[in-house]
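Naming follows writing order (A, B and C), and every chain is counted from residue 1.
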Amino acid sequence: MKLPEKEKNYGYPACRLGVSFYSGWKNLAYILFLFLPVPVFLFSIFLGTYPLSPLELIKVLLSHFTAYEYSYPSVYDTVILNIRFPRVLLAMMVGAALSTSGATFQGIFRNPLVSPYILGLSSGAAFGAALSISVIPELPVQVGAFIFSLVALGFSYIMARTGGQTSTVALVLSGVITSAVFGALLSIIQFTTDEKAVQSIVYWTLGCLHTSHWPKFFDSFPLVAAGCLVIYLLRWKLNVLALGEEEAKAVGMNVELYKAIFITAASLAASAAVAVAGIIGLVGLIVPHMLRMIFGPDHRKLIPLSITFGAAFLALVDNVARSTLGFEIPVGIITTLLGAPFFLYLLRTTKMVGWE
Amino acid sequence: MNTKTKALFTAIILLLSVFLSGCVDNSAGDNSTGDNSTGDNSAGDNSTGDNSAGDNSTGDNSAGDNSAGDNSTGDNSTGDNSAGDNNSAGDNSTENEKTDKITVSDDIGREITVPYPCERTVFLVENAMNSMYAVGGADEISGIGAVWYEDTKAPFFRAIDPKYDEKRLSKGSKQPNTETIAKADPQLVFLWASDWGSEDIKAIEENLKVPVYGVYIDSLDDLQRQMKTLSKLIGKEERGEEVIEIMDKSMEKVTDVTGTLSTNEKPTVYWMWGDVYGTAGLNSTASDLIERAGGVNVLSAWTEETKNVEHPTMNLEALLALNPDVIYMWNNENLDPINITSGDTVDGIDFSTWSEISAVKNGRVYEISDPFVYDFHSPRLPLSMMHVAKDLHPDKFADLNLTQEVDQYYVEVYGVHYPGFEPI
Amino acid sequence: MNKKQIQKNKGISVENLTLSYEKNLVLNNVNFSIKKGSVVTLVGPNGCGKTTLLKIINGFLRQNEGTVYIDSRNIEKIANRDLARILGHVSQMHKSSFPFSVLDVVLTGRMPYISIFSTPGKEDVEKAYEVLEFMGIAHFAQRPYTQISGGERQMVMIAKALAQEPDFLLLDEPTSFLDLKNQIHVLKTIISLAKTRNITVLMTLHEPNHALLFSDEIILLRKLNGLKNDNFSTLYENSPEASPEKKNLLAFPMKNIVSLGAPEKVMTPEKIKEAYGIAVEVLEHKGKRMIIPEI
């Protein structure tokens, strides 16, 4: 098969050198998206319900980080350094964790409509949180949620594993079963607990960042960072996995091992995020999807972008939740309201392939 | 496919729940806007001379109890309100007396008709049961459903009702099923209900063919209206009036003092529910309580519409901006005022970041010490008001001995001493 | 069995391969060997175990009994990664959920050469382009894999396998779902692989005429129809030490392989009847043979 010389030259050398206009534009956007969390962070710390003018805020920050001297009430420090900083950073961390783990699960399951909650993580976490809210008050909510999200994941994984193999269909089905089981357990707790506790549980399950503070950030950061780092380092392997298990085996990949590593890393990150922020819906679905629409499915770019854009995205959405109405709206409600139409759109336009 | 549909369903359910919660909040707000205006009853009687200042609320005061002989009739707001509410009920009852039936409207405004006097009632909601006991309806209670933290409450109920244990239809916080309720052969079932279409109400009315009294309280006046209706149902209006008078008198001990306070004497109060950032909106019983006990709900300084929601959720930044003078906690097992003032970390909340709030700075963080005795959704509401008032104005209420007040109130209303529940 | 002799051989040797699936005997004592550099085609009716055989050789499935040697090494003892460096596999029909670019797909073939925490480097990209050029599809390296035609996709999958730089290539029905032009194009490409890169090709084909045209050797298989034997599998599973003697007693006279060897020797009307159960005529035209079924 011989091709005309002209046609042959068209795509390949140009793309290889990355000089075509299209790829040049993409590279620029790629860099911009990678650095997006920085401007978003700076923007977000100006927002809040406490009356503090931008000028004052800048002065306070300058006096902290430069030689500039400015006297101000110490409450400003609390507002800026102990409320807004940890809140914005926590939102970013949670956004990054959910997006990255969403992208990872989508890659493993070869399905763009999968979320980090597919294996029952969210229902496990909700159950754990409810348990500590109303049954075992000695157990901190975050710890309860974290432990039970992992219990749910482990349960799904073990149920799906037969003869050393874990097929994706079995995983999805066992995830559905696990979700149902923990959903039922949660209902038992809600049914037998008092009104106020039910309210707290519901509030928790909607996902909220209003109790953010530094210790929360520092507690969950190592797990989220470790999970994201592992996924980042192995990101290209997701390309191999995403083509299908047989294809991956054919090129010598230890599919079960990598799947276990990816599921563990993604679950750790997402569980740690859910434990501190509650169940924030659809972020793990929307963010990877938006990025895939712009930058294509290559996980070498998708994973770092999920980390940075996921962080920026949730910080922005949380800005709405914390500063528009003066009261806290669970950020999960906003992400769901934003995400549901988007999800329906995907449902109608995406071809379902890859479900073995 | 499974995940697809499941995710779709989840999305739909979440959306629905958002809308539903919005609806519930609205209706709660609508219900209560009318009552809110009555919150401030200036009785204009400055009886108690303010004595020695600077005593904490712990209550080792000298016995300054001048309680019974205080019959200022200036409690018009509550009295008028409840009388007006009950007019229709009263008319109906006189009409129906011949046929031994009575028609009253329940807390959510549904008309219910039951045999008169009503002799067998089942309570699936505990705070209304407290009202029934208070108006002398112990014998008319034939079945009792869920009781939260029963271990702590059972001794009291046993003391005021020897047949309490026989009447229990379930254990602890579980609700009995319809068949068990049927065994108690009720003429009327009491159920917590925030709206007319409640499935629970329908289930009992249609399956047992027994009318249901929908219980709903979101202001202090609601409680007395409810108690009046209950006493009417069992034909013990007199005792009902008596108890309401006792309540009013006890509350006057507080409101007579707080009614004279000028606005700048009243501290701003942040009410803290168990979820810490959850507070009492302006249209809520707790907010009424704060106002009458001589405080100002700190939310009244807020500009956002959401302040009228029954249970709004704040964040720390808003709290700092509002800067309340007092933080008043509902009883919280995990959290004590000292945790807040000393900046501990409890349940994932680092209270050291609260140190800029003036309530924390000045050590003015208080807690309802006993969620049962001071349950302000029960006839013990006046005790709860004293508890709060004493903390808000320690100097003005230095003479008020809470221990004695509680004992006396228990004696007058329930005929037992507190603590110990010795009969008189 | 002369094990030593087989082990010295280069190429693929399959020895006493037996596999039953849910108590259905699929492969029964299959033996054959493939010379290095030849193009061998597995032909047979549906369910005769062609694909199963490929999957065993590739390590996807584990046989109950028997051994596969590649260049005299038992494949069970070769690590996945090492096996992927000498053996490429192109599966029957591949779909992707994600619109990966053709280049990204081909790059996954570099997996066995890329260490755990790294991503494909410049060298790998160049290798991938080289393979794409060899396959004549470099011009759509950046096209999304989901938007190219079935024939092009098959070429991409072959390119992916070639990026593994294998000595052996297994292809499962490389021409299914393709139109005639693409079928011939893909098969010609496969032949040229064997010739120019000295790659040993083992593939399965549905169309016996294509097998005749493009193979150096053909292995004609039959289906072990309805052969169930519970005793056999229980005996095998429960007491492996007892199997060598008793197995022979229980072994079935029927074997999968009808015939193997040069195409013209294998594809005779009698043997095709034995394998497929239909009557055919074999014609000769300009030195090429052709099978025509009797209607």
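The rule is simple: contacts are C-beta pairs under 8 Å (C-beta built on N, C-alpha and C of every residue); 3 or more make two chains touch, one makes a residue touch a chain.
If you're wondering where the values come from, they're calculated on a predicted model, not measured in any experiment.
Any chain touching chain B that also touches chain C appears here: A.
Averaging the CA coordinates per chain and comparing them to the mean over all protein CA atoms picks out A as nearest. Chain C has its Cα centroid 78 Å from the Cα centroid of chain B.
For this pair, chain A with chain B, the centres built from the Cα atoms lie 42 Å apart.
Each chain gets one centre point, the mean of its Cα atoms, and the points for chain A and chain C are 42 Å apart. Contacts with at least two other chains are made by residues 111 of chain A. Within the complex formed with chain A, the residues of chain C that make contact are 58-60, 80-85, 88-91, 94-101, 103-105, 107-112, 114, 116-120, 125, 129, 132-133, 136, 138-144, 146, 160-161, 164, 185, 189. Contacts from chain A toward chain B in the complex involve residues 48-51, 74-75, 78-79, 82-84, 111, 113-115, 118, 137, 140-142, 172-173, 175-176, 179, 192-194, 196-197, 199-200, 203, 208, 210-211, 213-216, 276, 281-282, 285, 322, 325-328, 333, 336-337, 339-340, 343-344, 347, 352, 355. Interface of chain A with chain C (complex): residues 1-3, 7-8, 10-12, 15-16, 107, 110-112, 233-237, 239-240, 242-244, 246-254, 292, 296-298, 300, 353-354. Looking at the complex, you find that chain B touches chain A at residues 1-4, 6-8, 10-12, 14-15, 18, 148, 173-174, 273-278, 302-307, 309, 311-318, 320-321, 333-334, 345, 347-350, 353, 355-356.
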